[in-house]
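Structure provided below as structure tokens; questions to follow.
Order of writing sets the labels: A, B, C and D. Residues in every chain begin at 1.
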Amino acid sequence: MYSFLYDYSEGCHPAILTALHESNLVQQPGYGDDVFSAAAKDLIKKEADAPHAHVYFVAGGTQTNLVVIHAALKSYEAVISADTGHINVNETGAIEATGHKILAIPSADGKITPAQIQEIADNYHHFPHVVKPAMVYISNATETGAIYSAEELKNISQCCRKNKLLLFMDGARLAAALCSEDNDLTLADIAQLTDVFYIGGTKNGALLGEAVVINNPALQEGFSFHLKQRGALLAKGRILGIQFRTLFSNQLFYQLATHANACAKAIAQAAISAGYSFLTKPQTNQLFIILPYDTIKKLQEKYAFYVWKKIDQDRACIRVVTSWATDKKMVDAFINDLKKS
Amino acid sequence: MYSFLYDYSEGCHPAILTALHESNLVQQPGYGDDVFSAAAKDLIKKEADAPHAHVYFVAGGTQTNLVVIHAALKSYEAVISADTGHINVNETGAIEATGHKILAIPSADGKITPAQIQEIADNYHHFPHVVKPAMVYISNATETGAIYSAEELKNISQCCRKNKLLLFMDGARLAAALCSEDNDLTLADIAQLTDVFYIGGTKNGALLGEAVVINNPALQEGFSFHLKQRGALLAKGRILGIQFRTLFSNQLFYQLATHANACAKAIAQAAISAGYSFLTKPQTNQLFIILPYDTIKKLQEKYAFYVWKKIDQDRACIRVVTSWATDKKMVDAFINDLKKS
Amino acid sequence: MYSFLYDYSEGCHPAILTALHESNLVQQPGYGDDVFSAAAKDLIKKEADAPHAHVYFVAGGTQTNLVVIHAALKSYEAVISADTGHINVNETGAIEATGHKILAIPSADGKITPAQIQEIADNYHHFPHVVKPAMVYISNATETGAIYSAEELKNISQCCRKNKLLLFMDGARLAAALCSEDNDLTLADIAQLTDVFYIGGTKNGALLGEAVVINNPALQEGFSFHLKQRGALLAKGRILGIQFRTLFSNQLFYQLATHANACAKAIAQAAISAGYSFLTKPQTNQLFIILPYDTIKKLQEKYAFYVWKKIDQDRACIRVVTSWATDKKMVDAFINDLKKS
Amino acid sequence: MYSFLYDYSEGCHPAILTALHESNLVQQPGYGDDVFSAAAKDLIKKEADAPHAHVYFVAGGTQTNLVVIHAALKSYEAVISADTGHINVNETGAIEATGHKILAIPSADGKITPAQIQEIADNYHHFPHVVKPAMVYISNATETGAIYSAEELKNISQCCRKNKLLLFMDGARLAAALCSEDNDLTLADIAQLTDVFYIGGTKNGALLGEAVVINNPALQEGFSFHLKQRGALLAKGRILGIQFRTLFSNQLFYQLATHANACAKAIAQAAISAGYSFLTKPQTNQLFIILPYDTIKKLQEKYAFYVWKKIDQDRACIRVVTSWATDKKMVDAFINDLKKS
């Protein structure tokens, strides 16, 4: 049984294990004040062309989201998100647990538009009886694999700045987005257009770790206090630094996502050839293919994947996820079995 | 410059890197539902003779403390702790950030007594105008290296049960405590005498990770929700499982702490021979040696350690920490330099 | 200028001032342990046929909502509400500030249905990655003046119990609901069908005060701690007790709402006669009348009311609120002016 | 049985009932936007010589404390308080429930000194592992009846400003302090020396209500959002405005406290004459008299008061509280009975 369930089914890219091995007995200060973290931060700031950014490493995505959002907002301020946003549906109320309301916007593919943001900004004015929208949260790639174009992101950024809303990009799958064939954004663009974003390691070949990049100086103050208070400051911060130093050396970060996307694309093209359609446009390493239940049943004999959603009596949408570790031979096998079915 | 600053200055024991390497491409479910975590949980439950316990792995100590305490308490309930307790002085108000008051008890060596607990239980009765004490938090070993004897822990446990107080042991340095020459407690004793405790990995040879052992069924319900909501549920939970499986195989967990304690003991004995005294009795891998400033200055040329506290005009207390990774040769060198000074 | 803006534009019914005057120098214990509060609680428990209920008095509605909901839910539990619910749109994120997510259900008139509740109960199962729905919040009358029938409430109650969801009724305008000509519920029915509800005083003739009635024993435990912790336990709790004792003596509570509803009905009938329609069916003391802008403009010369919502180029919906204090002569005057326009 | 238990045993000064009566049917906007509140704010700002202050009315003291402190602090910031402070011991963890740690300073009479504040400011520097002290909370009069002199307050204020600590005075019994014969502070002094303080109404003749005076512009922003979010914005805000307008007309505020203090002084002098001593120096309307148990027993036959604390085998300290409503005849009777015993 081969799993296309997640992009976190395996450990990490071997180069990371090597780096952990090589650095293992080097004594270093704790809590991220080590040379490996320093080197990783420099690499990221260079890649993002953001010399004045503050970079922090956090163990996981939910933790990153809750620390960043809570640190940025006043108690009575709210964050705008797609209703499909990870913070809104997959974090067990983590944001609300820090005290903040999420203002959810309907979305089909996980993306939101400036018009939707503007509508909320316009409607929330009956102060102080309503929360004050103060931040926009977007995911790139989204939870259903879509990506923002440079023009879309520029427009959102402009809309946010006009309305004094902070812009935060959840980049748990940022590598997949940046390596999509449809992408025309760079890390530097994102650094310029957002106030804060993070670069996912967990879903792109690291054992664990997300790199938060804070450009807005107002959000930099006191961030390490917030990390510590939420239990997000690891004693051996070095293990996050070592991983990101590795990912941002020799383009490994991009290579891993390019591989994942290529695997997904091969499957997507096979599905298209076989006449199948998609719930959302295939752009990154997550595919949402609509298949007959019979086909699904046959594929399930050899492959693990999520049955995402019932479409009609005869068909459902399945989610197929590829990763840096996806075996090309298993992709070919899956394609063959898809064609045969 | 050799560091005796922390017990988390290096990476991890090589056996852990080997285990990560060997398991690396095995596909497994996320969020702790993997075979490695399952095996590690079984090993821990067996070692603790606690077949009905629930075991969870968490990245770090502050996160563990805040999740456990918040999960166990009602909003208006408070936790009793030594004033020196990690939750009271070294977690940036993490417990209060989850909404709970800490009732601090004066302590010289980090330990508290049943009499002190009883006093709080007796004094807090002007309900509902005061918080309700509902949990006792103890650290073993304490933040200053002391350990609880079996009798002491039994008495605290009895006092807690009589007063309907939950008992939670912070075991960030539990290995050091269990491997102390003064120790007469087993993991099974601790499991029996507490409602919940955790076994520290970070400070005993893991890259990261603490294993929470919940014996009280009332505290088991909903714990995974709390973990997720606080951002403590790692996608690749396997990396914690793999490490604890390794630590609890072949007695590695105990071997590492025994080495750390032996290194500390050697230094302690040398200090005693040289006529120096201690702030707190040397029992585990943390020493608090009182030295003349001149001696400190000389030692600082070759070794890194904390100057913990001024004692008088001429002397200060330094903290020397050893670990699983401490080089025996450097211990000998330190002892030589101490004797010479 | 006469105001139809709110049902809290004036002070309180004169009988309450008299009661405050008469009791003024009687010495009583603080924090609700006074004889007036005791008497008021007895009257309410009798009226609600709920001898084992616990009754508490709280200064205002938002405070009541946040204390009740937070006291009832575990950290990872969420409350279901109409999207128009007061807790969702008019309390500045007060519920989220206590840590809980609101799961909002689309609603036109402020009411929700068992089918909608069931859908949420069915969809939230991907534990522990999503919040656990644990309570349903309904308003009666709703924020737009609609009421629940006995059958509707029975069905909701049944649905809640089947799904182990607590049922909480916000009764800020419960008097208006119970005195609606369409109503077939009694206070006793509500006590039986919900786990907890509150009876609004502020919007029915009191200076301030809401009476929380807790029937579910599981929700009674520790409630006074929650009140105190949220700053909701008034030193002079007597002033709330005195008011509710007055309201629940001689049917005053019902008389006041009957007056308010009658005033609203007279206006509603005039509007119908004049050929105007409503945004929501007139049932209580809040009317949402759709009028031409010209008419609105003329009425605004003499009367204050909210322009609630634009309907089209020519028309808007206005909100007209009557109360225990509404002057019948001003109602007649308004009707005349409405007819003329 | 006459009660010297509290200063909130009765309703309110008759002038307040008259004012409520006279204003009762005047229609006014809700939530504090009424003419009565506006007038009261003007009177307070004039009395405090603080034309740019923002003034808000809140129902009770605990609510005021939690809103002010939470509004002023960042998540990782802590408030310094005497260990006897109301926020530390009598509010069921209300401050911690908003997420903030209280740093308690030992105090005998409820007062703290600049040296104690400086010590905390000096000791908390191991950032970000410890909370950041950011505010000092003092009570005047203190919970045990002591008051700050002008010089003491100036020195505290100076110490706070030097250390970038906000200064907040809990004035639940500010009237008693300002009317003490030992007092040399004015409301204007307090406004100048603190960043925010509040003037207690509940314990000085109002039905309920505290007036928060915010001088520091940084603390003014968004305060009404905080009030609303914590359920502290009353729909009929007018009832607080009416009361404070009455208290600050014709010196009523001072007259009431002067009466309370005079009653206490008479009792204190009688106790001194009779050879009794005090736990804390009598300065305001709270006395802590040390009496033989026999005497206490006899007094308890006719008077209600708290037995505060056991002193030794034979004696205990009792708390006697007088108020605006204390009957001079009962004071004389108490004095007689005290002398006789």
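Throughout what follows, a residue touches a chain if its C-beta (ideal position, glycine included) is under 8 Å from a C-beta of that chain, and two chains touch if they have at least 3 such contacts.
From a predicted model like this one, the values you see are computed outputs, not experimental measurements.
Contacts with chain A and chain B are shared by C, D. For chain C, the chain with the farthest CA centroid is B.
The geometric centre of chain C is 34 Å away from that of chain D, both derived from CA atoms. Distance between chain B and chain C, defined via averaged C-alpha coordinates, is recorded as 51 Å. Put simply, the C-alpha centre of chain B and that of chain D have 43 angstrom between them.
Counting partner chains per residue, chain D has residues 75-76, 91-93, 97, 99, 128-129, 225, 228-229, 233 touching two or more of them.
Across the complex, chain D meets chain C through its residues 2-3, 5-6, 8-12, 14, 17, 20-21, 23-30, 59-67, 91-94, 97, 202-203, 207-208, 225, 228-236, 238-239, 325.
Across the complex, chain C is touched by residues 75-76, 78, 89-93, 96-102, 126, 128-131 of chain A.
The touching residues of chain D, counted against chain A in their complex, run 31, 70-71, 74-76, 99, 127-129, 132, 222, 224-229, 233.
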